[in-house]
Amino acid sequence: MEVADPLAVEAADTAWLIVACAMVLLMTPALAFFYGGLVRSKNALNTMMMSFAALGTVVVAWAILGYSLAFAPGNAWLGGLEFAFLRGVGLEPQGSIPHLLFMAFQGTFAIITAALISGAIAERMRFGAYLLFINLWMLAVYAPVCHWVWGDGWLARLGALDFAGGTVVHVNAGMAAIVAAMVLGPRRDYGRQALLPHNVPFVLLGAGLLWFGWFGFNAGSALAADATAALAFVNTLLAPAAALAAWMFLDRLSTRKMTAVGAATGIVVGLVAITPAAGFVGPMSALAIGALAAIPSYFAIMKRSKTRLDDSLEVAAAHGLGGMTGAVLTGIFATAAWGGTDGLVAGNWKQAAMQVVAVLAVMAFSGVMSFALLKAVNLVLPLRVSSREEGTGLDVPMHGEEAYTHGEGALLLIPSAAKTTQRSAPAAAHEPLEAGA
Amino acid sequence: MEVADPLAVEAADTAWLIVACAMVLLMTPALAFFYGGLVRSKNALNTMMMSFAALGTVVVAWAILGYSLAFAPGNAWLGGLEFAFLRGVGLEPQGSIPHLLFMAFQGTFAIITAALISGAIAERMRFGAYLLFINLWMLAVYAPVCHWVWGDGWLARLGALDFAGGTVVHVNAGMAAIVAAMVLGPRRDYGRQALLPHNVPFVLLGAGLLWFGWFGFNAGSALAADATAALAFVNTLLAPAAALAAWMFLDRLSTRKMTAVGAATGIVVGLVAITPAAGFVGPMSALAIGALAAIPSYFAIMKRSKTRLDDSLEVAAAHGLGGMTGAVLTGIFATAAWGGTDGLVAGNWKQAAMQVVAVLAVMAFSGVMSFALLKAVNLVLPLRVSSREEGTGLDVPMHGEEAYTHGEGALLLIPSAAKTTQRSAPAAAHEPLEAGA
Amino acid sequence: MEVADPLAVEAADTAWLIVACAMVLLMTPALAFFYGGLVRSKNALNTMMMSFAALGTVVVAWAILGYSLAFAPGNAWLGGLEFAFLRGVGLEPQGSIPHLLFMAFQGTFAIITAALISGAIAERMRFGAYLLFINLWMLAVYAPVCHWVWGDGWLARLGALDFAGGTVVHVNAGMAAIVAAMVLGPRRDYGRQALLPHNVPFVLLGAGLLWFGWFGFNAGSALAADATAALAFVNTLLAPAAALAAWMFLDRLSTRKMTAVGAATGIVVGLVAITPAAGFVGPMSALAIGALAAIPSYFAIMKRSKTRLDDSLEVAAAHGLGGMTGAVLTGIFATAAWGGTDGLVAGNWKQAAMQVVAVLAVMAFSGVMSFALLKAVNLVLPLRVSSREEGTGLDVPMHGEEAYTHGEGALLLIPSAAKTTQRSAPAAAHEPLEAGA
Amino acid sequence: MKLITAIIRPEKLNDVLEALFTAEIHGLTISRAQGHGGETEAVETYRGTTVKMELVEKVRIDIGVSESFVEPTISVLTRAARTGEVGDGKIFVVPVERVVRIRTGEEDQAAVTPALLAGQGV
Amino acid sequence: MKLITAIIRPEKLNDVLEALFTAEIHGLTISRAQGHGGETEAVETYRGTTVKMELVEKVRIDIGVSESFVEPTISVLTRAARTGEVGDGKIFVVPVERVVRIRTGEEDQAAVTPALLAGQGV
Amino acid sequence: MKLITAIIRPEKLNDVLEALFTAEIHGLTISRAQGHGGETEAVETYRGTTVKMELVEKVRIDIGVSESFVEPTISVLTRAARTGEVGDGKIFVVPVERVVRIRTGEEDQAAVTPALLAGQGV
């Protein structure tokens, strides 16, 4: 490989990061389908809009303030305001890619992390309160944690390994999800009725697109088109495959059926678990991480559904627990031979301990802050829809729409003046209409 | 960045353009879903096929003739025939990528532009007439305008800025859409019944995939994996996010609901508006362009639905008007510091004027030509389906299919000879069948 | 183009291959939608899971054994065990990309090839038997054939051309499909009832994503971001477009309707046919190959449906026959000028003959081996579901799920202890519930 | 008490609803149906097979009415649902022995009378 | 006049339609339904919850016939819809007071008789 | 023999089913319906148009019962389907002349009686 000028933008790296960033962006619509398929049809649009709205508002908040808080020079806890409003963030190289591109790449991580939380409170949170919450959360929880790990903060200095966001993204969002599910309380039909997914193919579509996008997420985190990117890529292929196989096997053992929702969940858990490890472990370790990570998440889901904690779409079990398992297994399987710091298997138990510290720190911070933010938002905008709206479904009261309509019995309200004219002049169409049609 | 041999194919640029071109290709299926979800289910396949058919026929017509008309050396108005049948279009460098790849990249633009128009005449145009029209339109309207702006034609010489097709693609298609909607006339139920989208998740899927593909569209238009591509990329992330946020805000203000169809539309309008500006403006200007562009398109849609102009899926408001706003705002926000020519904000009002000239010229040409082509096609193939077919929906009469079937009451017509044999020998299956099943 | 160190990993090539590999991976979910949309809704999940499960198990089997059998040094018939468990497969260059990335790229081919077969036995095969079969098939049929053609095996030495897998992937899977359809026997309702696709938009979605992914498949097979990749890319744009146009034309001629299912099929057939030729023929030949390949596959489908061979989703006609046509046409249109060996048109009839040999050899091997494997699997796990399960649909008995549910009449089974408690304490929700709700 | 069941074209449903509401008939239930009658049949094709679609989309309307409303309801229905082409549908009138309003347990006439009008003995 | 309502298995619908048409019974309306009877119930699982599906897909057929057609219709239905396994369904015969053909306003017998046969007094 | 048709809220269906099964009423058929009654109407918006949704999702339950079961069925239905808010729905009782069990051809009482109980003359 040619030796690159450390201060130059490299074309190949730029090409790869542009594509990687586009792939990560696609993960949020993918999440909309993964989550949207799992809810009942009367809440399908609301659930999807929780992801799509993050695409709008979180990006703007990231450009204006979040990026600076996460990556501008600051202290061990938080970045400064130097990059607010993207001042000084231009096309000059940051590593071997334009600084602005780095900002955008990190921005797509912020979007999806915020959107992940929506799975915990699906089918019952007011949309306005949700929007306010995730934007505050991104600024007050995600940006700091991001700074700790990737922005030269205290966890980075400590030496905690997180290749692409096991703690920053998944443990962080998973903890916020638990708290949000507790603060909101369970859905009114939870535990009394079967709350079945309305469209499992959408769930599979979401899982497929998430996997595709996740290659950008993990291999893009190498920030260059180099051997590390290739390693991260291959591990992101192997670990979810192993997790998927393991999940189907567990499903088969415990229910005698290999469910499609289970398969989709297995893929996501495998992706989550390899995220912190992707550039630090070899391919056989990736297979092991994927397969091992399936186990705790599988049983957590089995148990969770018997409790009163209505983490509706299993964010905590899939992302929170999956991220924890992955972060800890990173400390176990990482090896200098593949580009990481040596971990437990290579004889360095300290790395495993550091991973545990990082996980606990993020859990504590995310848990406390998320709770405080939700309570604060609740003072301004009530968090929960009314029981009646929950019964009808949120799509009509929150968004004025239904996901699927036939149009029958839907009467157009014509502004009264126009009405008479139009009614009597349908013949404005080019062809004569059928009698009475 | 290493200095590239001006006559060599660069690997990184080739890698990026291949990917970018694949992404642009994906926009047409994405459009099929965006449009297909918005119509009633009885017209879903017809609407989707209008995009898919463009993938077939327009590509062929582009390779055979369109590319030459747009990019072969010619005069200020039209390219020559030198490249017809791709003669002389090979793997030699065009810029830093193979010429053939440049041809393909431009070809994907031609497809989507033609397919865009279908939104204006959805649910009522005969399929054959549509196919004929869009192919003629691509050759007689798109190729010339493309030549004017990107093929060293008069608008290029004038200095009009259009980074990735605000005028060439969006104003052009939007104007054709208005004309087509007028020539075809409104749907027979228009203004009398509620014509609701049958599958809003498909609309969101389309919007998500369009955004993904649009990164290839805009950042690929840099024709290299360089800082300009990175800038265009980041702007294509920021502007639609701002437009989406602005749209949700406007929706909230005027109807108290943030609709999902509105969100999808907002994304598209933001993408359209940044298209001409992507490589010429800074990121904060991109946010401004996105947010500002939402306003006229939003209100145009509110008003349009009260008129007799049945631009069924709002092509004119989203693409035509969005493209106009974007083209003019390019003339306002462009700045040499970010790679454009200075615009109004940087003190050069002439650029803004030139942008207006370009928009008006394309509108006039596209409007007149589209009208003439439609009238001409109508002489050969009637444009409009019968009122009865409109009632049934176009899927069965035009395509012999329904989008969703249960198979009940659908009797297989068995060629009479075979019938008796088959009926009496269903036991050819490996297992004995249930009695009477 | 700069001269690359033959022993170095090139950043641009690595960037492109990472993306290409991600694109190929996406083809399997795409196939799940292509196939899943074509079946009846009661079998939708089973059909989709047949693709998704391949993503899990085949990847693992490939990493552990398959890759070694295909690509480790061995004899003319099979690779050795040197690379088993990926021993010695690391980040060192293989060509100009990391060896591990090459392994992954080839792995995604193995997945989709195995998944393709599922279309032949859709709606009637037991899921466990299917899983066992495709994994054995990948190891015992795909890996050897892959070795013959790309792993320095006898077909490679003979000089047979197969750019990206016309014989290895498509003829191979197509032949296995015919055999599997024969061994399983027709569906119980086949030939007696109309077995209509339940969701044609899903079929189109699958076709669109397949096309997108196929760019990675074909252009990625250049294993570098060079002019050959660009050529393969452009041909993968032109051939399916021509096939789509030809298919619509044939459809129009023979049924007077241009069907959407036909359009989707036409795209796939064009993609299949250009696969062996992509880097060896010029763009005009690609148009010809696409258009010509549509013809035999079109009529094969028309005829097949009148026979008792229930190749349910037309794998043999689309992939088997399409691959044959493509492989033979490669021998006809290939030319040294575009990077291939000269073929028939360029005066070298031997190349065409060699192509025929390769096709016949793969057909014979795949046919015999697939038959033997199916019979062997049948001894362990019965291949076919019961007639009753076929009537109900496979989703519930095999996967314990339905693709689309409304949740009405679905009673939650609450572990009896918990039941009383929960019933009497629904008020754990934050708001008072409606009386009796 | 009678139960009036009408099978109509889906595209006429909105007209029928408006006409019923105008005639002060407010309680009704619809469901989606498919009918076979004298309509010409559609033929579809799927990959080499030809399929005759024997059934056409219809909407079924069920209206429970007291005797005095039977005649007006039928006449509103026939008027609003008619196009004059084959396939307009049928109306069936079935005797009802009891009607119960679930919310209140009210029976018969009271059950089908809109609550607000109940006092007026309509 | 009677209204015959049959609840049958969806997979038998095509057989039933063919048998009805062969027996010259051409006017009918179907709708999708779900039934609960003596069938064994399916159990599904969703992420740790187990769900008993109490309802099985059925199709409902409504046929308005004149008296003389009641017997043949029932016998055609029972024959064509029978598999002999639990879950084959039920037939209900309900008296109808009036039948109206919306297109013409014709009533009763004329309304259910296929137009082309009307002259023959079938 | 009677046919009891109830129009209820979809969200009450599971409660109703449980209550019916508890009361030993096992044969029934449901279908999805949409109703219009005294409920407040939803308004939706679509790109500048405002649409009044006149119809609300309902479920229709049809239960064929012998005379002695009419009263208990109605009382179970009213109890389990009631919320007390406008929109709870209606129950219609229609006389049935014949009931046939397709599987066996059994008629009337025997046809609606669960097979296992038939011997006990319930």
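By written order: A, B, C, D, E and F. Residues from 1 in each chain.
Operating definition for what follows: contacts are C-beta pairs under 8 Å (C-beta built on N, C-alpha and C of every residue); 3 or more make two chains touch, one makes a residue touch a chain.
This is a predicted model, so every value here is computed, not measured.
A.B. asks: How many steps does it take, at the fewest, to get from subunit A to subunit D if each step moves to a chain that touches the one before?
C.D. replies: Minimal hop count between subunit A and subunit D: 1.
A.B. asks: What chains touch subunit C and also subunit F?
C.D. replies: Chains touching both subunit C and subunit F: A, B, D, E.
A.B. asks: Weigh C-D against C-E on C-beta contact pairs and write down the one with more.
C.D. replies: Top pair by contacting C-beta pairs is C-E.
A.B. asks: As a quick test, compute the distance in whole Å between the mean CA positions of subunit A and subunit B.
C.D. replies: 29
A.B. asks: Could you state the distance in Å from the CA-based centre of subunit D to that of subunit F?
C.D. replies: So the centroids are 18 Å from each other.
A.B. asks: How far is the middle of subunit B from the middle of subunit E, if each middle is the mean of its Cα atoms, in Å?
C.D. replies: Chain centres of subunit B and subunit E, defined by C-alpha means, are spaced 48 Å apart.
A.B. asks: Name the residues of subunit D that each touch 2 or more other chains.
C.D. replies: Those would be 11, 14, 17, 30-32, 34, 36, 44-46, 49, 51, 54-55, 82-85, 94-95.
A.B. asks: Mind pulling the residue numbers of subunit A that touch at least two other chains?
C.D. replies: In subunit A, the residues touching two or more other chains are 10-12, 15, 19, 23, 193-194, 196-197, 199, 205, 255, 257, 259, 261, 306, 391, 400-402, 406, 408-412, 434, 437.
A.B. asks: Tell me the shape of the graph of touching chains, choosing from line, ring, star, complete and other.
C.D. replies: complete
A.B. asks: Flag every residue of subunit E that touches subunit D in the complex, lowest number first.
C.D. replies: Touch list, subunit E to subunit D: 3, 17, 21, 26-32, 62, 64, 94-103, 105, 111-112, 114-116.
A.B. asks: Quick check on the complex: what are the subunit D residues that touch subunit E?
C.D. replies: Interface residues on subunit D, with respect to subunit E: 2, 5-8, 31-38, 54-55, 58, 60, 74, 77-78, 81-95.
A.B. asks: Mind listing the subunit B positions that touch subunit F in their complex?
C.D. replies: Spelled out, the residues of subunit B in touch with subunit F are 194, 196-197, 255, 257, 259, 261-262, 265, 301-306, 314.
A.B. asks: Residue numbers of subunit C touching subunit B in their complex, please.
C.D. replies: The contact residues of subunit C facing subunit B are 1-2, 10-13, 15-16, 19, 23, 40-41, 184-188, 190-201, 204-205, 207-209, 211-212, 215-216, 219, 224-227, 229-231, 233-234, 237-238, 241-245, 247-248, 255-261, 263-264, 266-267, 283-284, 287, 306, 308, 384, 386-388, 391.
A.B. asks: Can you name the residues of subunit A that touch subunit B in the complex?
C.D. replies: Subunit A residues touching subunit B: 8-12, 14-15, 17-19, 21-23, 25-26, 28-30, 32-33, 36, 44-45, 48-49, 52-53, 55-57, 59-60, 63, 85-86, 89-91, 97-98, 100-101, 103-104, 107-108, 127, 199, 202, 205, 398-407, 410-412, 414-415, 418, 422-423, 426, 428-434, 437.
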